[in-house]
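Letters A, B, C and D mark the chains in the order given here, with residues in each chain numbered from 1 onward.
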């Protein structure tokens, strides 16, 4: 593409968490101009009224002129994206990336491609419509992808995942009340989390043919950002073999690092990275994967997909300073 | 009183934070039987459905039989207590302690006595109706009471107070959303906090006759429980004189300790104590006072008042294990 | 026993976290007088210099006169208790409760009885020497005890446990630095935690005869107090059968409640309770157990054991107000 | 300068917090190449062993070849910079930026210029040696600079400042132990904080000629990053006049924004911004300023100074995505 011309971007559902993160990334992306940030509830207000770090940003929530954009991000509540697309005439030249879950499953895809670059980079690069993966789904899939690709998933897999309060969205509810959440932990949607469907589809697409049994316990953590996934199974493959397998698989993927050292969550917070570590005792095996749920689990991955779809460097605009502390 | 007969207690507005704390104290109070916990929104539900630590407590939210109680606690939203009392016939023998702000000011007292035991223990002991002080008010008043009693308040006083999320009540709002509150600080109601009126009335009642200028900056802290008040003024009295004055004043008050060592908030969290420390450099003087906003700042002080009104030991049921960590 | 005479207590290793919690409980225990709090590093200092909530407590760290006590608590670093006992002549009439791990395993017991009241209440009641269980061990064992008692442990068990910073003790290290710990999560001692030995011994003692495979992933959480244990396995027993089994087993144990509702950690923080909940989807089964690591996981259980050994009510002094927020 | 040639950078004291933040910024700075990261304690280790987000960074702690660098950052403990410079021969062509406090005061400057760009941008641009301001000093100075420039400082100023745990450095101590710090607040160095000297020098240099009385209460907050400064004084100037004055003063300074809306700390966390807001009731006036102590209060400001000294755009490499949550 002609690098002198910036891509024109619109964000629909611009007042939520993932939209805010998207704006924070895109204001510094060298090949992007944010043209429109749409929000029904905040129409006419300055963007910084909602995303209050952006005090200096001269943008106002307003309607989108679809004839004036190249890429459209949908940051709407689950179930709303499809309605939004039905309600508007959008030129075929506009690329669309949906951060909701409307188009992630094959049966509802409507031509959208599941946007996990570490599984389908080439397909994504040729697509115009991307269903951006869920946050838990991303972290769990990246923790199992190399095994699935070998059709080597264990029969029984127990997954324990702790997510931050931003995973619950911005609407204040009892579970995100600071008085309740601080210094607390609790399980939710045990064994029935809605991401299980896209996880299973993805693992099968990657190559898993056997009927494994994956039990997933999601946990609300007393932190704001980030997901840690602990995936436990028994295997006779050694930790060295597994680590080598994972390193080989991810060697060509800039945002996944396989670490020889144990991990902690904040290594990746406020970045687009997924870090992975494997440890073992006898046959007991643990794969740990950590991501920022709002970045690699949402808006960062969306920009990664946008870069791939647009022929840009995959990492462009995504060299983010970790918050770290 | 006859110690073989327990006082029969009712709590109106039983689903909120202060009611929960009151129940947690009263279930272990040796002279109390909780007869009724009233809640409109939760009528018919078990108390443990709301106050979930009390899994073992066989109490259900329901209406109050006012002829069957000795003490009534009102734990309702501000402005609701007066309506509740108007709507019900309550025998004159029933003692009432209101944890809201309806009756705290002289102009609205309706016979209620402002329940700060460290100012008015004898009056409280003879009263049947108590207006329990506000949380910020309690901590600020205790930090200035000995000076006010000498009519020695400085001309200019700057007060900085940080409160926890429980001070904002249980309704989830943006300011108490964990994603916003964690790792954050912000001011609110700067110089205009609603407790300023009761603070000024209390200081005058204690003996302050001059027209001091008290500027109060309330701050939302990223903690759940507790208030730290930093009161700054200039004085030529020495730190030794001030400390001695405070120690003498509070010597007879079991829940206020004047410390020679610097303080931190968690020394008093989950207790009914107020700890105070004074430090100085030249004329610059700092009085620090710390309390648990839900206990000495609300439900603990209410029980302290109940004890005084009932001729019981002031500390009965209030020897609480500090949470400390 | 003669209730007019209080038991005389000494605490060795009095400056640490568990000693502080023990003092906080025992100062309000109606049948106890704390006679001695020993600490090498703080000899001669007031106890409140270290345990700073106890500003009002007139106790000083000093040596123990073993002829003047009835019960001795050892709150020393792991490995130190045995040395301490060897170095001192302690009358045979003195009951000893060790909160360290020196005497927990059969091969090192030296006559100490493993002090899990929900397994061995009668034996404890007749013992003079108690090895108090580890914190993770307590929570994991209570989550599996009813199954072990039926010799019904599943073949493969995956246990995820998140503990607070107080579990790491009071010595400041990198992992407990607030800058690192806040908003963070990390695994440690994966599959090799030192409590696994006492867990396996306990489960066998309870009745487990099969060779189950228990994989335990301990996690450092960004909270201060409390352990949540998620135990995952597959079984064809229904959640109803399991819940009934657990309720029946724990019906006679005052500090274990089996809840029909999902749990969260803070329901038990600052109490001596263990709450348990079971949920299921198909054969995937989750048993969740939550405790306060410093209370039911240490000092609270130690007092529970003291009560049993002394013929007192098991719950005496342990009706603690939950911190809850 | 020739933009094709990157500046060669060395960092001495590379294992600490400010060095880590400096590296995180500089790895993405388009005109910089990090040549050397020196650390005595970690010599020979990979940089990512200490700064663990930088897993992908091929840099090793080692000695500095001073003939091979253009800019040297000193990130050493206070008092160590001067010794380091004495111990090494550093060519006169090497620009030096000291993040410690060795050269901040006029009496110890040794030719270093106090690097507050909002006061001395032109002088900094012509200097080779910069003493980077302290974190509290930066936030307090920016909150008073426009008044000082008019010689309009009030007679009595009370300053409350809350800082995060990263302000205390990386060495684990009792005050930064998570068990102590979480949910806690405490004062320290009340009225005697070491930054008071540089604050007073700066305000005088800016134009303050009167003898004001500034009382500063520093507070340890239960957050990791960021400083909020509440500066209270009485004035007859209106909030409108003050806000206009501040906006005019900072109009040419890209990293200071004067907000018409109340602030909170996380608006600036993980950015190089200082946000300021003024509010008033009668004569009671509050100026609030918020910064990230590790960025605008340390490493970000150091890069801002480097840019100015090197003729680069002041904001280059400093368009950082706010962490925000």
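As a convention for this text, contacts are C-beta pairs under 8 Å (C-beta built on N, C-alpha and C of every residue); 3 or more make two chains touch, one makes a residue touch a chain.
From a predicted model like this one, the values you see are computed outputs, not experimental measurements.
Engineer: Select, from A-C and B-C, the pair of chains that is joined by more C-beta pairs in contact.
Structural biologist: Ranking A-C and B-C by C-beta contacts puts A-C first.
Engineer: Using C-alpha centres only, name the chain that sits farthest from chain D.
Structural biologist: Centre of mass proxy via C-alpha means gives C as farthest from chain D.
Engineer: Based only on mean CA positions, could you tell me how far chain B sits from chain C in angstrom?
Structural biologist: A distance of 34 Å separates the two centres.
Engineer: Taking each chain's centre as the mean position of its Cα atoms, how many Å separate chain A from chain B?
Structural biologist: Inter-chain centre distance comes to 46 Å.
Engineer: With chain centres taken as the means of their Cα atoms, state the distance from chain A to chain C in Å.
Structural biologist: 40
Engineer: Spell out, as numbers or ranges, the residues of chain C touching 2 or more other chains.
Structural biologist: Within chain C, the residues that touch at least two other chains are 17, 164-166, 179, 182-183, 222-225, 264, 266, 269, 325.
Engineer: Under the touch definition given earlier, write down the residues of chain A that touch chain B in their complex.
Structural biologist: Listed in rising order, the residues are 17, 164-166, 170, 172-174, 176-179, 181-183, 222-224.
Engineer: List the residues on chain C that touch chain A in their complex, please.
Structural biologist: Residues of chain C touching chain A: 156, 158, 160, 162, 164, 179-180, 182-188, 190-192, 213, 215, 217, 219-226, 228, 230, 232, 234, 262-266, 269, 279-284, 286, 288, 325.
Engineer: Considering the complex alone, what residue numbers of chain C touch chain B?
Structural biologist: The touching residues are 17, 20-21, 24-25, 27-28, 49, 51-53, 55-56, 164-166, 182-183, 224-225, 257, 259, 261, 264, 266-271, 273, 275, 294, 319-325.
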